[in-house]
Structure formats: C-alpha cells, structure tokens
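Each structure below appears as structure tokens.
Paired with subunit B in one complex and with subunit C in the other, subunit A is shared by the two complexes that follow.
The block that comes next holds the complex of A and B.
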C-alpha cells in the first residue's frame, strides 16, 4: 500500500465513504424513524422514544409472524442445503450426460422475477388443490432459494479436486467413508455458507410468502400490510429488529464455526504424545 | 508367474484409440517405468492399471487373476497421484494413517505404523501432527509416498508425481524413491514423460507411442539398442539421415548422395528406405575420426553449448545442422567459426526401416 499516490488514496477513501453512506444510511434512517415519538416520520426527529419497540415486543401478532418466519426460514434452509449439496455435486463435480441442461435448469428460477414465480406457484398449488399455509410457503421459497444455495455450494465444489475422493477410494475407503472423511469436511465451508444464505433469504423474502402463505403471516408480509394501511413507527421498529436479527445470525453462525474449529484443534492437540 | 500382466489391452474413447493392444508383464519387486510423450496413452494405461478405468478389450491380471472389473478401492494396489491429492484438512499423520483407519486398525497401532512409514520416507516423527498444508513440496512428496506405503500395496503406482518439482529437488527425490523401492522390496510402477527420470530409477522401461508399446527393456537396452527411430529420438537429440541401400551393402544419404559405410548386420534385411541415426556423443570431430569412418562431412561450428563436463557443438555442413558432443579437454581448440570435419564409426550408427513418426 506504500506505493499508492496520496491523491489516489484520498479518492479511494472518498469512494469508500460514499459507498458506505449509500449502503447504510437507509438503515440508519429506518432506525431513527423507529425511535421517533411521533406517529409520522419527520426529519429531524424532535423527540426520541422506545415506545414503538415496547409496542412491537408486546404485540402477539408480531410474535406470531416472527415465529412463522423463523420456522419457514429454518425449514427452507435445511431442505435447501440438502438439495444444494447433492445438486452442487451434480452441477460441478460429476461429468454426466445431462449436466449442461441441468446447469441451465437450476439457474433458470433465479432469473425469473420472484413475483411471477410466486404467482405461478400459487396458481399451481391452487390447481392441484393444496391449502395455503406456511407449508406451501416453504415449498414456494425452495423453488427460488434452493438454486441459489446450490450455486453457493457449487462454488466450493468447483474448487474441490476430484483426486481427493479418488485417492481416498484408492486407499480402500468405501463410498460412504470417502464422503464422510473427505468430501463433506472439504465442502463444509460452502455448505455452511449455503445454509446461512438460504436462512437469510427466506427470512426476508416477501413475494413467495405473499402469494403462498394463505392465512399465515410472515414478518415481511406483516410489514407490507402495515405499510399499505395503518403505518405506525412499529414498521421501522420491526424492520430494524429484523436487520439486527439477521446480523446476529451471521455473526453467531460464523462464531459457532470458529468455535467448532478451535475445539477440533484442541482435541487434535490433546492427542499429541506427552 | 508375473505379478501384473496385460494381455492385448485396448482402451477406446468413442472412436479414439488411447491404448492399442498392449501386452506386457511386470515382475515382483521390479521398478517398472512407462514412459512416453503426452498423448501416448500412458495416463490411460495407469488409470486402467489402478482400476479407475476399465479396458475396452483384453485382460489385466494380478497374480494370474483377471482384475479388469475390480474397482480401485478393492484392489491391493495404491497410487501416488500427480497432484499427490494429500487431504488438505488433515495432518501428516492422519494422511498416512487413512488407509488403516478405513480398515479399522486401532489408533495406537495406526500411530505406531505411521511413524514407521514416516521414517522410511525420510520424514521426522515430529511431522506426525503437522498440517500437510504447511509442508514444502519435497515433504509433501514424502508424505504421499508414506501414505501409499502404509496401505501395504502389492504394487505402488506413480502418476508423474515429480513433474511439478524443481530440477535439483527432483534429482534428490528420484534417488530417494529408488532407495525406498530397494529397501521395501515393493513393486513400483512409475509413469513419466521424462526418459531421463525413467533411466535413473527403473529396472525396466516401456516406451509408449500412440497407444502402443514401442519398446520394453532395461535402461541400458533402451539407450544402446533402440529398436525404432521414435525411441532413439525420444532419448534425446540425435543426428538423422534419410538413407537407402546402394546395392553393394552400403547406404546412400538421399540428400547429399554421399555413401555411408555400415557394419553388415546393422541394416535391416529388406530395407528399401530408412533413417540412420547417430547420437551426438558418438559423433567424432577432427583428429578423433578413425581411418574406417562411416562418413566424413566438412563443416563449420556455428554454436557451442557447455554442458558441465561435456561440450556440445552445432556444426553446419552443406546447409544441415549436426550435433557433436564430447568430454571437455584442456587442449580443445575448436570454437565457434572453426572449420571442422565430423564423422562416426560404422558400429555407432542405428538404422531403422520406418520413416520418422
């Protein structure tokens, strides 16, 4: 970094500042709006208050929506990651006849507008007579999120050398032993990222929930309903809490990963001879 | 009985013939090298030998039993991969022990044996806990060998594992590998594109060309008595002349019309046209040329390359370039620009019927 011209360095900092402001100012404004005492958002905020947070945490409606969203997100993430693991192996690891077509098929849903895809899923579920609830939302979101998780895991698989598995098999490992000892541990970072990614995408996904959840309400749906009719600063309050929860999942997730790694390292160290 | 035998083994990929009716046998305790340029089919060969590919036709036998359809993990053989394929998330010890772990050998026993194989592969015991990702190129090589030996294979295959290693270290590892083979008495089957590498380590060499075996023999046989122009060229740069018989037991160089004397039994009986090959180190210069030389050419030295104890001259005679190599001497007077005569003894030339491939 020492060779960078001072002017270039200043411009880089300026660029960094502009990007940061563009990215984070909206979130900051949302947080400010939720802290305003008045019912309508006026800037600058004249009086601050925790009132809307108290109301939010007291609301059973929001509690129910949060639980629904959480269940949907966890289900979607778990199913996505299983589909993504095997999908990614087919996508990036094995050479087979239909592989190219499979790659296009997997990618296609990602390029579809979510609203159209959500509507399509709704029409289809209606046609076959499925009653809409959070179950159908899980199904609907999988159509869009599983391919994305597949891509995330596939990136890890592309960097995975097939010779590792061949070598394990050559050393006498069964297919299952090679999968357990070599493939899974080496693909684990991708699988874990895919899981977190799917979790967060589902948590904040509106279009699929809107079309397919029937009477069940998720957090994004609740936000949308309130913004259309009956805005209170509870909307930005829920939004802010949702952002914090998402960030917590990310930080928590990677902390757990780091913790597990440290434990494994200590376990390995303990097996060392005295 | 041969340890490993191939009987007319073919491998087709659609219409492409990668391996073409190869038959050979490898004896127990042998260091056998399959050598050939890229595309000669040697990688396909080793994939079939270890069980990652199946032959299209023919039979592969291990101790007299056909093993064509036995997959890699059920064969008592093991391979050191070109990339080594050391498991990057494991320590050196865990890599070496992996085959024993798969067999269910208890931990203390695994560890004891891993230490033994680390020793054989010239690695200190303290490396047992070292992550493989922290090992140098040469150390990784040794870990791969230790891991393969720990499997206790009947045959150890090597797929050009030294190709990505720098020259000096490669020379050290080549000798270590040969020492390990001698010390353990294991059968090693080695694949490489470098005949030089093959020469150093092997008991016998099979030279492959376009999916076929061009020649099998000891390093000495391959070097001294190549059976085809391809094998002699593959050994290193040579001087080649396109020739035909003149009817009086001698040969005529088609290009210059010059007569070349040969020893009687060097020329194939029904030769119509062919190639005469002389190695640079068999080319003689000036006073070295004896009275009964096969042929004498007059030319001028245009280049001089010092190769350590030897020196190689590029001599231009009648628009063609020839290579002459000799031991360096204090009284060498020849240098770039010198007018010289070059020639060779009739016994030092090899004559092959087929044109160069």
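The block that comes next holds the complex of A and C.
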C-alpha cells in the first residue's frame, strides 16, 4: 500500500490549515492594531477608528517614502527581468562550458544573509565614492533580486523545448525573429512571474534599503525607524496599507496572466481548422 | 575561452593574405567572407556565454567586488577607513579576546535548532502539497508564497503584538479564561519561533521540488515488493528527495545564521545575533575592519555549508520536469 492512509490524509490537511492560518495571523493582528483608537495596542480593542489611516494619508513623509519605494521597486523589476531573461537562457537553455559554474554563481547571492551583503555593498559604494541615494538601493537590491528572478524564469526555460527555436531557424528565421516569435512568447509566463516576484520582493525589502539608500527612505525603512524609535499605531496602519498594495499587485498580476492565457486559448481554438 | 578559439584565425590572417596575393580579388573576398561567417558562427555558438554576461557583470560589481573588499578591510588596523595599508590580524584576535564569539554561538545554535524544526514542520506540508493537493497545488503555492512579499518587519511586529503583554493572546485568554498569558516575548524560544516563521517558505519550496522527484511508480514498486511504509520512506522517498532536502536545509541554515530582525522585534534584546554585532561595528563603533572580520567569519561558515551541500546537488536535474 503506497497510498496515504485516510486518517493521515486528514491530519496532514489539518496541519496544513493550521500553518496557513499561522502564516497570515501576524498580518491580521497588524490590521486589527491599526484600527484601534488607543495609543498602545490593547486587546480586546475598546474603540475602533480610522484615525491612524487619516494621519497616515496626511503625512508627507510617508507619501514620499511610498513614492521612493514604488520607483525603486519598478526600476528593480524592470532591470531584473531583462537580466533574468538572458541569465535564465544561460542558466538553463544553452549548453556551454561555463554553465555549471554560472549556475552556482547565480545561486550564491540568494544563499547569502541579506544584511551582510547589504553592508558589504554599502562598504563597497562608500569606498569607490558613490553618493548613496535610492539609485544605489536599486543597485543593491538587484544583487539579490536579479538572481531570484533568474531562477523563476529558468524554471520556465527548463520546461521549454529548444527544438521549436531550432525548427524556426532551420526554416530561415533569423536569430532575432526566432527570439521574438518563438522564444519570448513561450517564455512569457516565466518572464511575467519573474517581473512580479522582483517587484514585490523589492517593495518589501528592508536590509538593502537600510544600508544603501543614504538619506532616501523607503516604506520598510520608515517602519523600521518607527518600530525602533517608539511604537505609534501608524506603524500597523502603514504596514496594513503596504500589505494591501502588495496583495493588489499579486492578485492583479495573476488575474492579468489568467486573462491573457484565456484569450490566447480562445484565439488558438478559433484558428484551428474545423 | 572564446578569446583562445579566435586566436588562430587572428594569427593566421596575414598568412592568408600572402597566400592569395596572386589569385583573383573575387576569390579572396569570398574566402574572407567565409572567415567572417566562421567567426560569426563561433560568436553565436557562444550564445550561452553571451547571455550570461549581463548578470555576470552585475554580480561581479555587486557581489564579488564588495565581498573582496570586506576581506581586505578585515586585515586592516582597527578603525581604519581605507582598504589599503599594512595587513594585520588584530581584528580576528579582538573577536576572540573581546567575547564576540558569544553572538556567533547564539546565532549558530539558533540557526541549527530553527533548521531542524523547519525540516520537521515543512516535510508534512510538502507531502500534502505534492501528493494530496492535486490540481489546486498552484493556489496553495501562492497562498504560502504570498507572505514573503510582506516586509519581515511588519510580520514580526505583528507577532510581537500577538504575544506581548495585553496583546491578542494575552487579552483573549484573560477575557476567556480569566487568566492571561502575560508577555511571551523577550526570550530565546520566541526568537527561534520567529526564525521558523520567517524561513518556512524557504524550506518548503525546495522540499516540494525534491518530493516531486519521487516518482509514484517507485513507491508503488517498492510496496509491491513488500516494503513497509517506513522502508519506502527511508529507502525510496528520502534518497530521491534528498537534493531538495539538502537545498532547503542549507538555505534556511544560512539565512537564519544571518538573521537579525527576529531577535530585535521578538527577542527584545535578550540575545544579540552576530549580524547585530556586525551592524554596530560598522555604525556606532565606526570600526569597519572589525565589522569586516566578523562578516568574513560568517561568510566562511556559510560558504563551507554551501560547498558541502552544492557538491551533492545537480541543479539541472532538480528543476527539470518529469
């Protein structure tokens, strides 16, 4: 009997449910704390209010931090996805001499404590005399995020059939045509996931922003400063808003992907001769 | 590699010219066109290498450069702000003499315990995802990955509000049972809990990758041949899933070793992890060489773990779909 016993099945599902709830519990507590009127979080909450959200939306400091975070995230995602596309081809598609070493090279930064890497990048930029601002944060985050995006795209590349590309080339397509008409459309889901991953990882990244942003402040940095400097209920309010923004991107992104997939499937069905 | 392969044609070029001097121009130009095509072919044959260049350059400038600099700084005299000078070992001596190894010990111990707990917790979850979830596995994957996109600070602060005095747990048990739990933060176990919480997806996803490597047929065959459940687990499942298990273990160990926020927000300063020592050496201490020396030791431990594990793992086989 290789199958799982029904009782074990139930226990496994129960355990899975408990862990899933635990994963989201701190976020729910954060949301609850943001709605509590009092200066300090006390449960059960005696009075609820939107006050801390109103304060948050009125704060120019937070607005600036949100803008900085957004710009950094978009820049990191755009650059990552380009690097990741070519990186993934080298990682998984082409058979070349240095490939094994390249694979380890790409994995290394991911297997590295971010805080140490962030400090090292700070030291490096300081020594070569780069002024720290959100520009250097983009650079710092890329070191960690671009390899992750590469892995995400590489998973798609591993499942991709290079023979299609070779066939196109044999039929007279140029390298560029084969890339545009065959490789890119086939790898598109992976590229899109890589972009989303990079965007969201940058949005929530603290260590690199902390060490490399100079005077510029991102949302995770603002939160950290307030958590260390003294709790205010604006911390959970900003945290909740940041979670909602991330969730919206995630849900929106996957809906777009599902929508495009559905349209393409319908198109393909229509084109097929009856 | 490409340089070397181009070398003969470069060296050979003048010789060709001499050889074809007497022949018609047409023929010579056709010959040289052939040479160009040959070179182009070599160029495109290196498509893999060329695709690796952009990311490779980024890692050179943003990973290896900084790490090399940290190593250089670690041998500079105390408090120096330049990587160029007479090398010394005094920073490493300071680490031993000034009890900096205590934070190392704590970080190592907590990372080991957290990694073991993560293996025990993530394994059944991975089994559920791979063998029970079926078509809905994608949705569950997103469900578990999504918290990764929320800043660690926010999530740990959330747990702190949950476990702290007058927090959710304390308040709820007070009003339900008349007796609160008091403050549960500010101790070592809660820091380990934080590590387990934050790094769970980093253990779970490699385990899932590993377990998808276990073909149901293999399990079936073993069972037909009379293997018990435990034998199937020990002799079929574990060995086949081992690349994923190794990667997950490595990833979690290294990341937990370099973790700092858990001790800050849940431990409330009851333990000082090594990265916090590194951070203070760089910031308050203004002693870059000391911070660098501590970083180098941390990097060496991480690198040793990475080398040991990665030599046993074939990345291509891990990612290829079956």
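Convention: the second predicted complex is superposed on the first by the 242 of 274 C-alpha atoms of A that agree within 3 Å, B and C clash if a C-alpha of one lies under 4 Å from a C-alpha of the other, contacts with A are read in each partner's own complex, and residues count from 1 in each chain.
Everything that follows uses one rule, which is that a residue touches a chain if its C-beta (ideal position, glycine included) is under 8 Å from a C-beta of that chain, and two chains touch if they have at least 3 such contacts.
Since the structure is predicted, the reported quantities are computational estimates derived from the model, not experimental observations.
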Partner chain(s) touched by A:177 [first = subunit B, second = subunit C, both, neither]: first
Touching partner for A:6 - first (subunit B), second (subunit C), both, neither: neither
Which superposed partner A:229 touches (first subunit B, second subunit C, both, neither): neither
First (subunit B), second (subunit C), both or neither touched by A:129: neither
Partner chain(s) touched by A:169 [first = subunit B, second = subunit C, both, neither]: first
Contacts of A:43 with subunit B and subunit C, given as first, second, both or neither: second
Touched subunit A residues, subunit B compared with subunit C: C
Which superposed partner A:185 touches (first subunit B, second subunit C, both, neither): first
Contact footprint of subunit A on subunit C as seen in their complex: 1, 44, 46-56, 58-59, 62-63, 65-67, 69-70, 73, 82-83, 121, 124-125, 127-129, 131-132, 140, 142-144, 146-159, 161-162, 166-168, 170-172, 175, 197, 200, 216, 219-220, 222-223, 229, 232, 250-251, 254-255, 257-261, 264-265, 275, 278-279, 282, 288, 291-292, 295, 298-299, 302, 306, 310, 315-316, 319-321
Residues on subunit B engaged by subunit A in the complex (per definition of touch): 50, 52, 71-73, 78-79, 81-83, 85, 87-89, 91, 98-99, 101-103, 129, 147, 151
Of subunit A, residues touching subunit C in the complex: 1-2, 4, 9, 12-13, 15-16, 19-20, 22-30, 32-33, 40-44, 82-84, 86-87, 89-100, 102-117, 119-124, 127, 139-140, 142-143, 146-147, 150, 154-155, 158-159, 175, 200-201, 203-206, 219-220, 223-224, 227-228, 235-236, 239, 242-243, 246-247, 250, 254
In the complex with subunit B, residue positions of subunit A that touch it: 161, 163-164, 166-174, 177, 181-182, 185-186, 268-269, 272
